[in-house]
Amino acid sequence: MSVYHVSFKIQSDRRPTFHDVTDQVQEALKKSGIKDGILVVFSQHTTCSVMIQEASDDINYWGTELLMQDLVSVLENIIPTCRTEGQYLHPGPKHIEAAAGRNELPAWSLNTDAHLRSILMGRSESIPVVDGKLELGEFGRIYFADFDQVRARERTIRVQIVGE
Amino acid sequence: MSVYHVSFKIQSDRRPTFHDVTDQVQEALKKSGIKDGILVVFSQHTTCSVMIQEASDDINYWGTELLMQDLVSVLENIIPTCRTEGQYLHPGPKHIEAAAGRNELPAWSLNTDAHLRSILMGRSESIPVVDGKLELGEFGRIYFADFDQVRARERTIRVQIVGE
Amino acid sequence: MSVYHVSFKIQSDRRPTFHDVTDQVQEALKKSGIKDGILVVFSQHTTCSVMIQEASDDINYWGTELLMQDLVSVLENIIPTCRTEGQYLHPGPKHIEAAAGRNELPAWSLNTDAHLRSILMGRSESIPVVDGKLELGEFGRIYFADFDQVRARERTIRVQIVGE
């Protein structure tokens, strides 16, 4: 029985971005040598999520797969993009003060929508590893979503595998 | 420390279906012999989900438990059933072409709502196993949900247990 | 390789409550002695959830962090608070009868909103443990949410760690 951990990075944009990280995760599994167990794909960022979905084949002018753009439309309806302070309760004055102490612009905290979307979509996916194979089914792909629209950033994805 | 895997199948219908699979999962745990660890109930289908909830006792004329029918109403409000191409961006022309290459009718791809509902509800549940017991609490039951309304299909549920 | 389990309790109120349980989880990890593996924070209650988010710093008059209060607003829009029987399909007559058999008042079953919110938000979070550290990132905190508004109750949170 062993534990294998690896992390890798992607670069997000100032719009909701969705990176297909399936190949990186498959490579991590191969390197681990683990044949049977549980693999967790995890985002430590509080405005990001990990999800499993089918590749949509078609993309829009921004390069976003159409199914993911449909997801953005659904999320926009229930958690509208935060355009100014006062639209949501968060961020409040103490939060802005704390951010200033980290040399962050107040506008960088106007990502309340991204925090809420991230809570709704969840932080990770746990996937069975059986006979050395990730059980994603015929169409399953692993996506890393960054919902933060106020800053383009480098983001970390973690893969943790426990098994034998 | 050991890893145990088993899968089983259910038959879905051309409406959102919810199968209580608690008994099959409990049986898998018993067969595994694992007393302490983590059990993952996983759906590899991109229009399906796994969820834990209380049994609702009452059912409607379709045989759906009332709490799950309430869930369908909530989902219908935020992600309406896809009734024709053009309602959502997905499926686009490349996706339809790829589906045709697998001898799938174009209408079978009009399950965008099911893909989106599946993303929202998540792919799996991870449950602690303590002293040979699945820690579901007094009322927790495990449901497999198939949100796909365009085809009745046989579906696979996977159970993966890591522990000792 | 070993498995460590611990549970602890919090007291909820007759409104959606959010408890930051990060310190208790960190303490569990330290006691476990596990350096690398997967840690699951799990709620066995069908009207509760576990989520990871940034601390909001500011709180409202009720003591609820502003980001969590924003979440309540989002949930209220898509799954309104259940105020009377008939608003949702659940609870039906058999459910009320079963509850009466457990000496529960009928009004205690008017928590359909909490069940649905709990399904949507999920039951658990799985977090990588790397070099003895919980990989929550710079801002990640672990919250236990109780969405049940009909009764203040003592609730159980379970922490399960598998690793070495």
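Letters A, B and C mark the chains in the order given here, with residues in each chain numbered from 1 onward.
To be clear about the criterion, a contact is a pair of C-beta atoms (placed from the backbone, for glycine too) under 8 Å apart; a residue touches a chain by one contact, two chains touch by 3 or more.
As the structure is a computational prediction, the values presented were derived from the model and not from experiment.
Although chain A and chain C carry the same sequence, what matters here is overlap: shared residue numbers make up under half of all numbers found at their interface. Relative orientation of chain A and chain B, expressed as the C-alpha superposition rotation angle, is 120° to the nearest 5. Distance from the chain A centre to the chain C centre is 21 Å, each centre being the mean of its Cα atoms. Along chain A, residues 1, 38, 78, 120, 122, 126, 162 each make contact with two or more other chains. Across the interface of their complex, chain C is touched by residues 1-3, 5, 38, 40, 42, 44-46, 78-79, 88-95, 97-98, 112, 115-116, 118-120, 122-124, 126, 156, 158, 160, 162 of chain A. Taken in their complex, chain A has these residues touching chain B: 1, 36-38, 51-54, 56-58, 60, 65-67, 69-71, 73-74, 77-78, 120-122, 125-130, 135-137, 139-140, 162-164.
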